[in-house]
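One structure coming up, written as structure tokens, with questions to follow.
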Amino acid sequence: MGSRILLSVLAGEIGARLQGEDIEVSGIAGVDEAVPGQVTFLSNPKYLLRARETKASAVIAKQPISGLGCAFLLTPDPYLAFALAVEQFHPPVRLAAGVSAQASIHPTAVLGKEVHVGPFAVVAEGAVVGDRVTLYPGAYVGKGAVVGEDAVLHPHVTLYEGVRVGKRVLLHAGCVIGSHGFGFAPTPQGYRKIPQVGTVEIGDDVEIGANTTIDRASLGVTRIGPGTKLDNLIQVGHSVEIGRDTVIAAQVGIAGSARVGNRVMIGGQTGLAGHLEVGDGVILGAKTGVAVSLKSDENRAWSGVPAMPHRTWLKMATLLPRLPEIFRRVARLESGKPAEGEE
Amino acid sequence: MGSRILLSVLAGEIGARLQGEDIEVSGIAGVDEAVPGQVTFLSNPKYLLRARETKASAVIAKQPISGLGCAFLLTPDPYLAFALAVEQFHPPVRLAAGVSAQASIHPTAVLGKEVHVGPFAVVAEGAVVGDRVTLYPGAYVGKGAVVGEDAVLHPHVTLYEGVRVGKRVLLHAGCVIGSHGFGFAPTPQGYRKIPQVGTVEIGDDVEIGANTTIDRASLGVTRIGPGTKLDNLIQVGHSVEIGRDTVIAAQVGIAGSARVGNRVMIGGQTGLAGHLEVGDGVILGAKTGVAVSLKSDENRAWSGVPAMPHRTWLKMATLLPRLPEIFRRVARLESGKPAEGEE
Amino acid sequence: MGSRILLSVLAGEIGARLQGEDIEVSGIAGVDEAVPGQVTFLSNPKYLLRARETKASAVIAKQPISGLGCAFLLTPDPYLAFALAVEQFHPPVRLAAGVSAQASIHPTAVLGKEVHVGPFAVVAEGAVVGDRVTLYPGAYVGKGAVVGEDAVLHPHVTLYEGVRVGKRVLLHAGCVIGSHGFGFAPTPQGYRKIPQVGTVEIGDDVEIGANTTIDRASLGVTRIGPGTKLDNLIQVGHSVEIGRDTVIAAQVGIAGSARVGNRVMIGGQTGLAGHLEVGDGVILGAKTGVAVSLKSDENRAWSGVPAMPHRTWLKMATLLPRLPEIFRRVARLESGKPAEGEE
């Protein structure tokens, strides 16, 4: 917060070109909240009008904003430059190495170098925790689970037995990895549980949101590819495979054995049925219901329940409120009367 | 449970008028479950028939129920009177003050008077916990977080670093406040995390349901206004602002930077896209999908995906199953045949 | 993993008939992953083509698969036989009896025989934990709660005060049972909380998924019948009653006072409004919105928002993307022009 930096230096760090006076700035804030002495950014054009009113001393943007007298840090990718600028003012802090006397580390567990283990964290029998890992209070690493270097487990994360988590993985509070898949065989005496004896593997650089749940495979592996980002309260069923650099918004549900490709984008509250495939680069709108496989062809964007091409959905959605009208118009035609208002 | 109270006294406490005999009652229960000696209530007219069969000795209601010979506690607002009556029989209990020897309190943390801190609760560096706060086992108050007077944190609640929670706030088990917003800048090498360095502020008298998640702002503040009530498993994205006395049912998702007004009511499983506004007093039905801003004008109630006026939605919803019929009827018109059954 | 078993013996254990050579096998895997020396299974006919390519030494199936030279374990119910076979190779393991010195057991709590209580688990005042119960680290059994014999509570499970859980119940990490129902009476000064003084009762042999939440009744009891299975991230509102052997997929929401019968099946992300009934044996598709009671008559399967018979929904769903077309066709009819392409 207190750090000050010259705009020319900041420009170098974030890959931007300075236009305007080379003053010192001391922080970064949104267009509405920024005060003199701070930097802001314009990435979403929706905010252009509000950016014109900003009190910031410099704006990270694609091009200078007319009518605004401050300095500009110009770059073709203001959103990425913004990310880098925030890091300049708020460099990531790692908790001090050390294992709390109030933690529970099984004698057979292996802890890497410079780990931070908070109070009431648990590392169970035979688990392996990599170098520089942070286990916040109450984080639980089950029997034989493996946590890669530099991973961070926030409070009350649960890794069930045998789960494997990659390097630099960030697990938010309360997420659960490796719970039992939902599989039961009906019998005359009620349901018989299918033992869930597979596991989960989370690739490097994955981020998983708060209270998200990822079930272990019944046999084999539930897999989340490297670089993939999951938001909060998502459900990933057993034996699901998700590729790399895929982004999934909150409250999405993916049923068992579905396969989701690389660089897929899934909007919030969308649901995928089990045993289907979603191809690389597919984009699913919010609240979509996917019941069949979607290939990665020229039509990439889908919406609706059931999923249809997004453009079709947009047209359909506009007409939906007019369903009563079409029934009236058809009844009129049937009765032989002229169209309403001679339309 | 064991407490007994005269109906006349109870009437005074709950703002009702006694009609009938002034007997002692010893508890309160639903219309079906109540036994002689107990009070029940009729608020939802759907239950009128069942209320007629109640065995209760007194009914809290708007007006006497014909054919029912018991006493009545009459009031224009039976639901509120019911709430007050339950409090009479089940006065709120505060856990005894004291800090468990099995808790973890950082030396720089500040605890108010008469706090209750259960085993395995954590109060991190520089955090401030107000007077009479209850921290159930496993509750986690992060670095520099602030918890207002009389707040209650149930087991496994997580308050990330710097989050601020108002007075009398009730946080249910497993809810997470201050997790990272979901923001990533795409780069040729994969996604780059936008550091999430803002915070969350929860107003006084807010209640937040079990396993609900509220993300911190990337910059600035995610805000929940005073008196607002959130049910279980809700997702609130980064930089969202919710007004006062708003009520949100379970499994709702609110995407980043959305603004929700005062006295809004949102039904379960509804989703709001990011960067939009929902005006004061708006009512959103269950499973609604809101993609654009909704003003607080004469049309207050919305439903459907995408959201349309609730009345329009009702008409549309009735006709939806008849879509095959309209296709048949149009094909018939096109073929020049008379309408089906000469309708 | 290391155990080896003769196919004839395995056949006896799982109620199948061996056809082919009686060799020893050492494990079980999916059709794609199985290697020589392992067993696999074919239950879903979708996987027939892939089963033909399996490298497994034996296949559990209804009938021999043509073109596949391995042994077969034939049974009318391959899925159940598969469940039993997995148990042969992965017999359930119970954690060693014992109470961690790092747990917190109230002096008035009662622990049964051979319980396992992990570090940081809590058994509060007057709670009763049955024989052979497993409490994983961080599991919380609230004041006066009762846990039946052989139940397993995974990490960070929360049982609020007074909740009762049956025998052999399996509770996954982070699930919350007994949180407050969502009930507030509006007043001119804001919402007044309805005290939630009822409880929850979970029948025998119930399984509840990770981070699922079940609210206590305001008065009376929220009830989950024996043998019922709930997946992850489900919301069950206050005073809900769910019958026996019902199966509910992830992210379903059931609003207050709804009643769900026996042997009901509910697809993921479906929502039920409050105060309604869903009859025995009803099947609700994924993402269904149920606003009125659904009887258990000849039409058992429902889908859509609002719910309609599943067959109607299928036809409707096919036509939905063609809504723009029907508007065009009606306009054409109104204008007196011939139908498009003379169709």
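By letter and in written order, the chains are A, B and C; residue numbering begins at 1 in each of them.
Note that a contact is a pair of C-beta atoms (placed from the backbone, for glycine too) under 8 Å apart; a residue touches a chain by one contact, two chains touch by 3 or more.
None of these values were measured; they are calculated from a predicted model.
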Chain clusters (touching), chain B not counted, are one piece
Interface of copies chain B and chain C: same or different residues on the two sides (over or under half shared)? different
Chain B and chain C have mean C-alpha positions lying a whole-number Å distance apart equal to 25
In chain B, the residues touching two or more other chains are 102, 120, 138, 156, 174, 211, 233, 251, 269, 305, 320, 323, 326, 330, 333
Residue set of chain B touching chain C in the complex reads 28-30, 33, 44, 46, 77, 79-80, 82-84, 86-87, 89-90, 92, 100, 102, 118-120, 136-138, 154-156, 170, 172-174, 205, 207, 209-211, 226-227, 229, 231-233, 244-245, 247, 249-251, 268-269, 286-287, 305, 317, 320-321, 323-324, 326-327, 330-331, 333-334
Residue positions on chain A within touch of chain C in the complex are 102, 104, 120, 122, 124, 138, 140, 156, 158, 160, 174, 176, 179-180, 182-187, 190-195, 197, 211, 213, 215, 218-220, 233, 235, 237, 239, 251, 253, 255, 269, 271, 273, 275, 289, 291, 304-306, 308-309, 312-313, 315-316, 319-320, 322-323, 326, 329-330, 333, 339, 343
